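Going by the order they are written in, the chains are A, B, C, D and E; count residues from 1 in each one.
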């Protein structure tokens, strides 16, 4: 199943801030995971009722709420109302076609980025949107569809006295973003692997499907760049503006993620340039192939045309043709033909056509 | 009817500020829609007389005037005089060939942008210019030709206690711009649909018309980028300069529109890169096609040239040709020819020419 | 007469500030037009004597001096001495190969730009340099060669109480620059017209001259961009630096000219991209053409080679060839040949070669 | 053995700051070289025990510790603990896939860059990561694998009263970076040498392997740019931020290295542009070659087709053919054939096909 | 003798600041020209002894020392010691492979740039490095090899009361730089002349050497851009930073040189774009040529194949062939052949192949 990277906007004309889910994945009901923790305590619950979720929040502790399917507007709206989130933020959460970006709403910080996976059938990357809302003592994460990407962090949170337990929700945010960005390396590794396969294919032979695949890979790399490149800018702006909600000591961690993004983008750019080289190989292979075909034709023509001509000459019906009468005329003629063939072969060999 | 994206400037030499309509759509008389509203009241009237329009303005309320055809200089001039608008602003309103931009004239703000439609005949995008003049308690909108694009907003305005009724004309401006920008997504969706059709066509076969269509689509995407990209810059400059007439709380809304523009521009860039890939497929298809033609020629020549030569040899008139006299000479010759054909077919099959 | 866009610099080694005319147009004597005006009075004189010119200046009024041929160093030098102009400025005035730019010499402002014309013979754009020196109550304009481009402004100046009479020399400067920039639109309209002709030519057929013309048009568009693009930068820097000599109220007018330049540059960029598309069409047309030629060759060969072979077979001289003896052998042979032709035609028709 | 420039990230999911070696070169045990020096004294020791190393540090002197294999997490961790280095810094030291960068951790400065070598087998560049940690009175260097690149500096350090002995660890840092950057020049010299070889190969003849090599060299230059270009940015940011640990008097030295980087990058860009020119030569050579092949075919066909036709005419069996009966008919026919050949040769000679 | 633009760096491993000459031109001994001048006096001497040179310096006057061969480390070192120049500056002076740049060492200013010449044999540009050291009342110039480029300035200096005599060493610096930059115009004029020759060659016919020359010219233009473009940046930074040693009144002169550089760079960019157009013409000419060759082949084949076939038919040996017996059969056959030829010619004429 090929993925189209554009979606239909069915929102034109609705008042801004209307919560309509625009995305591919539709789940009937969101599951909410609520984690309350501080240096000493750790508590984790799961529910599908927003009210229950709110009752589980312990204001004395740091709260992490993970919402694992954003297609349910009621849940999102209820969370928005409870935490006083901006309507545009909620709109962005539900429309899973955002560019990665960071918005600072003073008392909460909104970060949206893309989790990347390789579709096993098409070998193309796909993206799932992940939204983060960071408040003074809470972090809310919205996943486009249920998944266990944050499981290792949940486990690490259970370890007492770990660094993650000693720090605030900003460090938790960093840890989660770090996991997603680390995964980008696997994606581009896979991408350059696919590219090497493609290059081998192209060198081996020319088939029209290959060009279609080159075009497809090109689209994939554009998609990757589009998904990752704005995140780098968002992290840069974070560094420049230094929002209040993130402690200055953590800035170096976010800069580190920014560096990782940069390396990933470098990798994508390299792949794109290599892909365009692959296209050059493909196109020149077609021409080389044509050259080869033409050589065969030319060699055959150049050998047989003179021979046929000689045969034609001695097929003429002139009354007075002395060679015709000679006893060894036929054999002489065959020898002449052989000489012509040899001369031609020498000519082609000298031209390095073999 | 193909659209040309450049227009004749017949203004050279006239004093700056002379109001001459430069555009495609000419309506005899503009229709004015006047909306007065505040939190409690809503009143909407239509007229084609400017004087009547001015008498309908209620200074205690927020006024929205929509002028639906800018080809009538008298109306525009009268409105300019009444609201004290800058002559250059009025010139820009009437010349419907503006780049999207925002000009801050201290006591009023001018925003001009492009509404985009797909022409059903040519499947190419076309643009209508929309101008906004935002004053302290009024908003004037100028449409290039009559249309109902703002109808949903007019309807929403009638709902009491809605957010739009509680806010000033700056929020109304945002709502209207948002409608137009949301529509851009539909345009680029259509654009990438057309592109996919084109790609399929190119893969299916080579026809010279296809290249002309690629060129046409290229022009369309350039046109789209030219129509949308400066709006993004205008919104960025709005964010940086923070004009007095727009309340700071609304800035985040305009930034949101800016993000939408960015996504649209991303989409256009992707389409442009894919289009250039389509061109590569087209060009290489021509070469592939030539390869195929040449293979047919070469196969035919390579099979028949040796055969014709053999026939020629036994058509020679030498007196002394032993094969000629043999009883099964003819049949032997035919067998020889069959062997040559088989050898050639094996050769081509080994070269993978079939 | 083709235009070369580079000129020989014969100045190397001379002390900076030496006034040598470097340009194409040489007039023996400059004509000076002196206009003195204020809100109530207007006086215009023409002379070729610099001294007479200076005597005509009325310090109580605004003075506009137009020098219509800059190839005369003495006139330029005298004017420079009288108004205390910087030697580098005078050098720039006389060397008509400047990039458009704006230099602020505190007590006078120097603006140089290009007036563009289409050469009727070559259909290529050419440029004439126009220099403006704006002082506190004077404006001096230097034209590369005599022309009537400023005539409409001179006429407008005669209208009493017009805006131009009420304003200072900075507004006059704006009016003159506006005329020149408005004319750019006509130039790019012409340019895109020529481009459309070229595109039609390319689609109609392949001729080597067309490529040379594409190259020529490419040079034209580079030339246009080079002539206009720096003016936009100059106007931007004017906006940023806000020189004292231009009243802040006029800034919006100069920004308007900057917007016009931007639109012209957009137009040029579009044309350049379309031109490169035209080149693609041209190149692929060559390949298409080759395909067609090869198809004709292949069809002919594929039809006649088997026929000739069959004829060859029955031209062999074997003693024992039963078909030869048959009464309808000849006719059977002709029928066989017809079958081969039909089979081939069906083959090509199936391959969609017709 | 070809080098792949991407590596597998096996770290996803681990807590940030976990020290896992990600790199190609694995050494069992790191060797530590400890140099203590000041203006009067110089002492150098080697050990493989971290504890011994620490005991050798003389706090009254400047200390330089060189760790020559970073694949040993325990050593790196111990050093980090002893000097109070940031966990992210240690992570970067061990993951040898960093982009060159400079991080300022207030009480220590981290600089990472790439040492470049040419792999003799593949003639491609490879990189070794070198990390520098500059503290108030120490410098720690981490090499990816054992090597003697810093030997000349160690020797120079032994010279009493040399400039290097009189200055602090920041000057030592400069000296070491300078050695690595100076080596870049040798690499790009080698690169442009390889490029010239390639160009000669391409001009001499067309072989499909050449295109694969062009692609490989393209990858090499991308790799070089990626390894060097960020260092320039790091040095620029150093100049802008002026970290406390580097004395202002040394800034000019680091700027000098920045200039060297710039020259190297210029060289790489030039090589890349030349490489793309080489590709053009290659592609056009294929076409030229095809032209040549086709000329041979056309010449042969054009000469022999008319001859064969003439022979065919006089091979016809019409009863009434006067030429057949003529005594010199045969010789006349041969002369006719010779004339045709000569005419054809003249035609080709005039077309400059020879 | 072709020029390679990269040089071997044999300095790796030496302590920074070691003076080793890295360049092409080696002179045994430098000649020093010492000029002392002020408004009233002018004195000029030549010597090859540094000591003599120093004794000739008059501290009450402005001193200009010209060193005309930098391959002699001792002279350079002595001058550096005498004027207290920075070691890195001296290193840059001797390594004649610098990018143009400006370094401000507080009490002296260092400017290095490239003097350009056209090598008459290769018609390629070559560069000579010129270094300027500007102090409070002295200017030192270092030439890569002896030359008389500064002669006109020396002569101008002898003119009493000239502007150059009235100003400080900064004005002298400006005058010298101006001479070098003015010469760039001659170089690019020559360059575009060579380009026009090349274009004519390409249009006239296709020869493989032409492509090699295009590649060579491409390298030349890259070399030119590399030599000039950084100078523009250096002059821009000079304008921004306003070093103390250059009087503010002179800034406008240096900005003027910057404008000249900009024009030269514009010219180079234009030439580069035209060159790529020339490449397009070349490549399409190859294709056109192939088209022509194929047309000849196709016309010949299409005319002679049917004729040969007809001749073959009447060469068959069937017993019963009525046409054979007819008295005018032979002539009828010839008429048939003529008809075929005429039909074919009409076909080709209609296809516009002639």
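As a convention for this text, a residue touches a chain if its C-beta (ideal position, glycine included) is under 8 Å from a C-beta of that chain, and two chains touch if they have at least 3 such contacts.
Keep in mind that this is a model prediction, so the values were computed, not measured.
Of all chains in the assembly, those touching chain A and also chain C are B. Counted as hops between touching chains, the shortest connection from chain A to chain E is 2. Summary of the copy comparison: rotating chain C onto chain D for the best CA superposition needs 145 degrees, to the nearest 5. Inter-chain spacing, taken between the CA centroids of chain B and chain D, is 42 Å. Inter-chain centre distance (chain A to chain B, centres taken as mean C-alpha positions): 26 Å. Contacts with at least two other chains are made by residues 283, 287, 290, 294, 297, 301, 305, 308, 312, 315-317, 321 of chain A.
Taken chain by chain, the contacts form a single closed ring in which each chain touches exactly two others.
The ring sequence of chains is given as C, E, D, A, B, with chain C as the starting point and chain E next. Interface of chain D with chain E (complex): residues 152, 156, 162-164, 174-175, 178-179, 182-183, 185-186, 188-189, 192, 199, 203, 252-253, 255-256, 259, 262-263, 266-267, 270, 273-274, 277-278, 280-281, 283-285, 287-288, 290-291, 294-295, 297-298, 301-302, 305-306, 308-309, 312-313, 315-321, 352-353.
Residues of chain D touching chain A in their complex: 4-9, 11-17, 86, 88, 92, 97-99, 101, 103, 105, 205-206, 208, 211-212, 214-215, 218-219, 222-223, 226, 279, 282-283, 286-287, 289-290, 293-294, 296-297, 300-301, 304-305, 307-308, 311-312, 314-317, 321, 323-330, 333.
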